[in-house]
């Protein structure tokens, strides 16, 4: 072998989906080029991303930092009945100027050169725009009107606020589709919401794994021993999995039972018949919605999970941070007219959820385990055949149909 | 200059080895595409990787986590005289399910959906495989037998366990070749081994630098002042460097002398004639093998170093973690029938080795210094001409022949 | 959609500069391939990089570690009137052998195999070069003279030391050009320098953002409320921005005023008329140079900022560390013949500068904010139109002319 | 925002405890932390009063007056439930937490004791470097019964609002 | 290098303070740190004497005998100027610092007190993990007036020579 | 696994030392750590008895009953040998270690003293950020001779099983 040989070391550019559609190749979770395309086609594309809640910004000038994909977004009540959202990126030289998670402002000023924007994101002031003593300043043809902040289209429904950069995104109700809209409006029914607080966690796993996890009706009764033990979620309970017509959104519906040992629990290794709570207030449940379901876990592709589990209600926002991690922001809520007892109930049940949740901690951990394996096994594939190869609504849990649904849509939008 | 110009910014794809074979280009240590190919062709290729020892898993069900390349591997005693190894990656959706470094199991269950595997890695249980109340479950044609864990072929020799994913890997003794087999079986001679403990270090340097370091018979008497000062390893001592016929494995043999100042020590700057030990038990040496050699450092390409230095015996496993780092796992051993005094001797001499070793700390540090330089000098080349340009066994130390041997083989397998 | 489709996921290879030259695309700050080209064409190219000061290494054998791009460089006084600089990378197998920031040496020895280099960087000793007992050693034709350390060309002016690897770099005075040379020699006028100390900070932003920041005459009076409040730098003060003929180097000149509220200060939001110092020693100013200017901030492309602000003098070296960060090394100086009072004045005024500086902390923070936005908005562009679209010297501050100048040169050298 | 699960506090002017009391309360915390670091979670609820209140939250929630917690318990029984669930039902990767308490201040408070202090938690996951996991402060109330201290209330407010995946063990 | 802004010290042989004095000085530092961690910067200069000397520098400067500082103040007035500028003129991203003091040693020194100890500062930026920002040691002088301690001199020498962007708040 | 180099311990029920003894032992450790942080390694073996036992190991080894150590010494002489080798023969990049001890517990033990506590070591390499290097606990035995404490045994068990390249200086 002499030194004149030149080796071509290709980057990872050609990607072929496995022959069977019910397989997901591990590279969708690890490849940075795939991730870049996701940011472009999914988060910047014709999709509504969750931004927050009206209740977070009740007064004119109230704002919150939120995000779409990796972009930092300011959501602000710009007028009594107007909510505006724009990218947190100065029109001048790009600084991410707003640094506080929340506040009240009459305008936004970038610290670098104090360009000032209105609550609507319009450029309102450029210091020394005409120069000083007639020297310097911006060119005559500089047009402030075309140099405002980059705005999002806004959808407000049931107290939640969504945003999109794309003109092609359909109206929010059409985006959800009639079936998912109905589920959505069960909890977000027009009653005023009240924020109970936030939890934030960075999960070292690809963002899609969290979407999968919530769409995965097969896992809750198995992974979450707390659920199965106390009858909150078990495979033999009345349940359903539904999707919109193209499979991107989904809901997992269930009706809680009681703590009981039966045929099903006996095939659950994590079931522990001995376990009792010493202080039962944590599971004190009050049935507050008209339908019999006690769990409704909605995934609104690509950015949010709308949780209703017994009396615990929250939104869980997904903010991707590279192919191998995402920030996961929980906003726990109640209704503005909740009794103090109901508020306490929701706060107590919150022990089950979030980064220290008796149930939810499991999810963050297990998808971290998945990501580790994906990163070390580039040829690997995930097997999503529970419930068959088809995609469709079901009245049972032992299925991965909603995951298949999401990837069918994903392949379409990603050109994979 | 107008804006219509498009610049092509190429990625690093074309790689040409230096004209002289006794040079190693720095990009083999830093290029991620090279590293990816190493994982494919070397660690997943026709090579035996060190997994561990029989003595670590004496009882049926005893297991240990180990690795091949970046893959996590479970090595388990699946039956009285059977050792099985498989990838720690669930056949369902891929979770790295086993999380404890060691334990005893009757089966392995993935926490996500409790798919259960036998100690042989066969899929034994899929909860609700037939659904619940005849709804859901796996397709009729789902075949558990073809959905077990990904197994490795196993080789067991002298108490050590090796594994490979490739069918093309030759039998272990052929893999070593007769010369290296002879050296191997000097320490791993059939006497039962006993684990004395572990050391683990993450070294921020390319994994090949550690292989080079051990194959580098030129450095020990120079870098390691402790060695040269106390006569454990010096250039004028009886020694040899041997390889298998294709240069991938090697051994460095030496015979310790005494602390003495002579012509050779005077050309070693790190030699310190004044240095005395106050408590000499650390260097109390007992000659325990038939041949006169006191040091035998074997490199079994690509994953392990088999150390015998005076009475200290250990395996040092290399687990690559990106192009710029590797985990280095030391297992110190003795023989099961060692006297208590011999065990103490081995434990005392362990002060010379590992991340705090009076000798070995030097090696981790120096290869970190090398990696830093490589990362900042993409055009650089390493000069490996000590002892000439040829590759061959020698009866002296002042040579880099074994490094040249390794890179000759490396270029072949890597197509470089 | 079947599984046979292959998707091409391109890496980011084609880059087109925005149509308008007064825009800078965000990808110049984030793309690793661009960064690699910068290291090749800028830092390794025909440019002088700052290495340090003569005063840092007064005695023969005194050395300091410094850098050019990502390379570690040793600058040493190799003889009474000779300063030598070479790459800190062993000619043998590449180790970054020198580890102490400063010291005094009679020679440099690499710890790995004790190859020894003279203060001039010549290879002087190779242990066992002829082998031991006539066995081993380097080939007969090994030529130490051609295996020394990689040296830089050196320029010494006014007490500062610059280096370049390129033969094509013009003489230092020609490199600066006559206009910048004049500014340079105002502070570096032949008076002996004295080091007062160092500050080091890692700034998580692209290195060019710091060059922009100092060339940006528009920002100081706006971002730095301390400046505007105490009249140290304000838009209505006498000022000038000058460049060399090709725009790569620049100076920002200003003349301090007093604390006063006027028309200009009223358009500065950060201005606070109420603010008073309780202990005014920090701003006690002594006019020490012949010209009336009180501020002269020179940028010598690509590696250093020469600061003179009131009586505070320092060099600020830029050492890039990936596309998204750089190390920023401040060397505060005075003149060797300063009175103790002048030294104290300089030390007190240093409270304004460095990582904890009342003024400079702002700069590190704001460019971090910029980098965050760039990383999340790949399509973004920076708008650098203050003062128009042209590049030219000005006698006013409200302009970004010097930034435009730098990018005109940058595009040329980078082929963008 | 001032229901039973609220911990919004007004800061009264408290009197610093004597040297001896400070030393004894310090010793109590040293035991408390050793017990948790050693993983003796079963014994942990016994360091609280029966009707205790325990809460871990973040600065974000505390400063905005939100009553949401990461972990919240309104009795020693709930603490025992947490410990039991941790042991029997939760799924997580093995790890060790090591807790570093600093700056303990001890005040008298109507016959009881109030404390303030800082807490740093270093986490070590299998084959990973040890790293800072959580950092925050605590505001506790203790009673002293028969020479033994018991926690009546423990409120931990984390600076670490972005939890590194999970908060598994109690603090 | 021994002007007014110099802190090159010779190490005299100092006598360790009594247990009681050690406990009281520890309590002083616990208050000092709580005040800074809580962001009560306005009150901070009051913990110093009028003519105090305050300096934060790095090992590199301290060992080479360079008098340059990261922060330097020659009076409580200068400390107040720093705090005021921090509040009114400096621009920086929101963050919290939490300070962990360890290994406090207290010595008698001609009627006054000298101390030595280690300092660890954990920084938490918005939505980022908490991380080690600064690590170093301090060498202080205190006087005791009417039962209250005041800092006459505070010298902090950081091991952390490469500052993670900025050092915003005092230590 | 119970030879001369074994440190498998049974946990006896020990009695907490008095406040004064606790304060004095704390002061001993503060001096011990200051001496190491300051790099005065030559004086370090003098803080041990002649026949002392010193060991740094990891949780993995300690829990499995393996007697392997990172560093092990069976006499003050061996400690001096380690220090001398460190100084004269070992090759490593310059760095500083700063040690933070927390949660010291002091017990009486047959006329001697036993201690337990936590240890955090922050490492700073040249031009790198300060970072957590090692985290663990210690279990020591001391004797008190003529008012001075000496270490008879020091056992450090690191949570940090994956050493960040090297462990250079003693802990």
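Read from first to last, the chains carry the letters A, B, C, D, E and F; within each, the first residue is number 1.
Heads up, the rule we're going with is that a residue touches a chain if its C-beta (ideal position, glycine included) is under 8 Å from a C-beta of that chain, and two chains touch if they have at least 3 such contacts.
Every value quoted in this text rests on a predicted model; they were computed, and no experiment measured them.
Engineer: Which chain's centre, taken as the mean of its Cα atoms, is farthest from the centre of chain F?
Structural biologist: It is A.
Engineer: Matching C-E on over half of contact pairs, by residue number: which of A-D, C-F or B-D?
Structural biologist: Most of the contact pairs in C-E are shared with A-D.
Engineer: Considering only mean CA positions as chain centres, point out the chain farthest from chain E.
Structural biologist: B
Engineer: Could you let me know which interface, A-D or B-D, is made of more C-beta pairs in contact?
Structural biologist: A-D
Engineer: Which whole number of Å gives the spacing of the CA centres of chain D and chain E?
Structural biologist: About 28 Å, centre to centre.
Engineer: Determine the centre-to-centre distance between chain A and chain C, using the mean Cα coordinates as centres, and give it in whole Å.
Structural biologist: Taking the mean C-alpha position of each chain, the two centres sit 43 Å apart.
Engineer: How many angstrom lie between the centres of chain C and chain D, each centre taken as the mean Cα position?
Structural biologist: 48
Engineer: Would you pick out the residues of chain A that each touch at least 2 other chains?
Structural biologist: Chain A, residues with two or more chain partners: 11-12, 99, 101, 111, 200, 202, 223, 270, 327, 362, 366, 369.
Engineer: Going by the contact rule already set, what residues in chain E reach two or more other chains?
Structural biologist: 23, 91, 93, 100, 102, 120, 126-127, 129, 132, 161-162, 164 - these are the residues of chain E that touch more than one other chain.
Engineer: What are the touching chain pairs in this one?
Structural biologist: After working through each pair, the chains in contact turn out to be A-B, A-C, A-D, A-E, B-C, B-D, B-F, C-E, C-F, D-E, D-F, E-F.
Engineer: Which part of chain A faces chain B closely enough to touch in the complex?
Structural biologist: Within the complex, chain A touches chain B at residues 1-12, 26, 212, 218-219, 222-223, 235-236, 264, 267-270, 362, 366, 369-370, 372-378, 380-389, 394-399.
Engineer: For chain B, which residues are in contact with chain F within the complex?
Structural biologist: It comes out as residues 101-102, 195-204, 223-226, 229, 270, 272, 275, 277-279, 281-282, 327, 332, 340, 343-344, 347-348, 350-351, 354-356, 358, 361-362, 364-366, 368-369.
Engineer: Under the definition above, what is the set of chain F residues touching chain C in their complex?
Structural biologist: Listed in rising order, the residues are 91, 93-94, 126-127, 129.
Engineer: In their complex, what parts of chain F are in touch with chain D?
Structural biologist: 16, 19, 22-23, 59, 100, 102-105, 116, 118, 120, 132-137, 159-162, 164
Engineer: Give every residue of chain D touching chain F within the complex, in rising order.
Structural biologist: Residue list for chain D touching chain F: 20, 23-24, 27, 29-31, 33-34, 37, 96, 98-102, 120, 122, 124, 126-132.
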